[in-house]
Amino acid sequence: MLFMAQMQVNLPPDMPAAAADKLKADEKALAQRLQREGKWVHLWRVAGRYANVSIFDVADNDELHTLLSSLPLFPYMDIQVTALARHPSAI
Amino acid sequence: MLFMAQMQVNLPPDMPAAAADKLKADEKALAQRLQREGKWVHLWRVAGRYANVSIFDVADNDELHTLLSSLPLFPYMDIQVTALARHPSAI
Amino acid sequence: MLFMAQMQVNLPPDMPAAAADKLKADEKALAQRLQREGKWVHLWRVAGRYANVSIFDVADNDELHTLLSSLPLFPYMDIQVTALARHPSAI
Amino acid sequence: MLFMAQMQVNLPPDMPAAAADKLKADEKALAQRLQREGKWVHLWRVAGRYANVSIFDVADNDELHTLLSSLPLFPYMDIQVTALARHPSAI
Amino acid sequence: MLFMAQMQVNLPPDMPAAAADKLKADEKALAQRLQREGKWVHLWRVAGRYANVSIFDVADNDELHTLLSSLPLFPYMDIQVTALARHPSAI
Amino acid sequence: MLFMAQMQVNLPPDMPAAAADKLKADEKALAQRLQREGKWVHLWRVAGRYANVSIFDVADNDELHTLLSSLPLFPYMDIQVTALARHPSAI
Amino acid sequence: MLFMAQMQVNLPPDMPAAAADKLKADEKALAQRLQREGKWVHLWRVAGRYANVSIFDVADNDELHTLLSSLPLFPYMDIQVTALARHPSAI
Amino acid sequence: MLFMAQMQVNLPPDMPAAAADKLKADEKALAQRLQREGKWVHLWRVAGRYANVSIFDVADNDELHTLLSSLPLFPYMDIQVTALARHPSAI
Amino acid sequence: MLFMAQMQVNLPPDMPAAAADKLKADEKALAQRLQREGKWVHLWRVAGRYANVSIFDVADNDELHTLLSSLPLFPYMDIQVTALARHPSAI
Amino acid sequence: MLFMAQMQVNLPPDMPAAAADKLKADEKALAQRLQREGKWVHLWRVAGRYANVSIFDVADNDELHTLLSSLPLFPYMDIQVTALARHPSAI
């Protein structure tokens, strides 16, 4: 089941570089694992912003929330979820 | 799997009464059938508005969209869907 | 009498973990007591957000405000209240 | 129990004058009856707009919705309801 | 002359309790004095929020601003003012 | 007592030219009379829009609403009113 | 080069069914041809709305606009375009 | 003196083709004349929308408004004007 | 050439009083000088807010920006500029 | 390929002057280099705001994001990107 998540990251500019780097590295590791597992099926950067557009393929709403709230950057993100359905014109 | 749908109905005030009554009667019949089937688990009126807050229990996003887009008032409604997950404090 | 409360929690990411844990534990305890008492009749997590959709069954507006403003997380939440009425199509 | 209702009237400018006058006269008659009954406790015009700020004193959400949706201008109005509670500094 | 003021209070959650209590006590004392003087004619709590809806009866815009900007909580509030006029259906 | 009124005119593009011209001529005549009477103290066009920024000097909110709602274009305008007070730095 | 287009379709509910059916059939035919050509790489329905989330892979902005403005439903759609870039964590 | 104008065109989809074509041809002719005269210095299409971003070089606000309000599509456009100044980093 | 500037001041409530007083005194001195020079032709307080509505008469956009960005409170203000043109009904 | 970027700079007013000056000097140096290279083709100040309207000419979305995210002020800016296409009336 597919969901779009639009994530805006709001890291405070004065966060110490080491802490920010650690967060980003952990986020990247988890994002790549979830991609390899087929849960996070698309991940695009929004040009000009520290933000992304993502597509998730999960079993249900609970799995989606568990996954998103486990992201290291979750406390710093504003996330908007859109439930996606099959489009009758999709091939 | 639960979703909240917030539906605002925008029937044109100059729609002939017979057409509006037919639409509303059909909507009511379907709404009540879906409630009896356990798909539309809560249906509340927003005080002061021709609008409702509804909770649906469906198998997936596709079933949710099929159900909502089959409503007779669908062409006249603005619907916002929110995916709901289990809350850790819910009993 | 039913109300929907949509609560967005905005805990500062740099709050010490112990303080945050204490707040959350107290919030959970109160939320569960209010659920058992039949005041907080539904509590759902909004997928992807530190937010919830809740339904309260209270005697009046004063009881609703007393209840919401007593929540340990109240100073950190943005809450939108919607008064709900019986829907003519509800069964 | 008190509620604020903010009502914006959107009558189409090309509605025939007779129809508009009838609606407004009916609205006025009902508004005045509800004021005399103590249900519609305050009614103010928003300066510069075809809109009002109103305070209602009703038994519950259902009575509020029944009352508002019975207004002749209801199909032409956008209404926002705010539940009001006792303020600790009110005398 | 009547005005509605919608006040949202945004006290920082980490303000020391003594400072917050002092501010609130001063605010309450002034609010009650202004009510007794007939300037602050209604004061209601918005259910679920640290906010109020107030009606002021003042001589003119200058008196309204002087009054509002003298409130101890003024630096922490977002205030929206609406000028109210007599409604032709008011009794 | 001064108020700013921001008026956006929304004449339907398909209104017959004669009707639109009549409305605009009547509006202009009244606007000029009110300027000569000292009630409508400033009237500026918003560059690029069929809109204006106006300053009114009236006795009170009731006079302001009576004046604005008497404008021939009133049914086609969206008007936002801002109550203005003396600024401590104004000379 | 990838772009997200979020399309909300606003067909007037009173459009004759034959005209609407023709538009939708033409739209579907073109959408499927563009998908087969690899230009319209993803097409999802937004659950609960007559809307979609689409991903386009085009040579440049001009091709994107040419493609979107050639859609039969273009005059009835509100489209928001987001330029997408490669995400450093994408695999 | 430079201004940005962001213009969204809202032609009714049911406008007869001949009328729409005439409007667009007149608009194009004037747009091209103003470009040749050096008044309309940039004109870009917003990808995916019937909208443009334009830069005007005019003597003052009055010339800008005269120019914009003379456009054949002016009654169908929503225009937002932004006054531009020299940027200290511009070369 | 006239511009409206709507300025909202957002001084942090915890700024030391001496620093805030200095800023305000400097702002006042400059505002009064600009008024005497005929650049800042109107300055009104928005009732209920730490905000103002101002009218400037300047040679061009560059002078307007130079003037506004030189205000001592500029780093703490959110300013919206509206270009004003002569209104055909102004006398 | 052209893009408009609307950049709002939100430097904290309490940033030490030396740090802010360094950031601004670095930003200026890079902005001027990118202008000389023909990537940043227009750069205008928004009158009254610490903001700019910029036009970029880049090979693709990836180059645009790489460029924007390399700006020294990027962590302090809110940037909105608009993809621009050739306008049929442009000469």
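Chains here go by letter, A, B, C, D, E, F, G, H, I and J, matching the order in which they are written, and residues are numbered from 1 within each.
Throughout what follows, a contact is a pair of C-beta atoms (placed from the backbone, for glycine too) under 8 Å apart; a residue touches a chain by one contact, two chains touch by 3 or more.
Worth saying up front: this structure is predicted, and the values here are computed from it rather than measured.
Think of it this way: of D-E, G-H or A-G, only one pair shares over half of the B-G contact pairs by residue number, and it is G-H. Per-chain CA centroids place subunit A at a distance of 39 Å from subunit H. Spacing of subunit F relative to subunit G, judged by their CA centroids, is 42 angstrom.
Subunit J has its Cα centroid 23 Å from the Cα centroid of subunit H. The distance from the centre of subunit D to the centre of subunit J, each centre being the mean of the chain's C-alpha atoms, comes to 49 Å.
Across the assembly, subunit H contributes 2-3, 45-48, 61, 64-65, 81-86 as residues in contact with two or more other chains. Contacts between chains, counted with the stated touch criterion, involve the pairs A-B, A-C, A-G, A-J, B-C, B-D, B-G, C-D, C-E, D-E, D-F, E-F, E-I, F-H, F-I, G-H, G-J, H-I, H-J, I-J. For subunit A in complex with subunit B, the touching residues are 1-3, 60-62, 64-66, 81-86. The touching residues of subunit G, counted against subunit H in their complex, run 3, 5, 12, 61, 64-65, 68-69, 75-76, 79-81.
Against subunit H, in their complex, subunit F makes its touches with residues 11, 13, 45-50.
Residues of subunit E that touch subunit D in their complex: 2, 4, 27-28, 31-32, 35-36, 42-48, 52-53, 55, 82-91.
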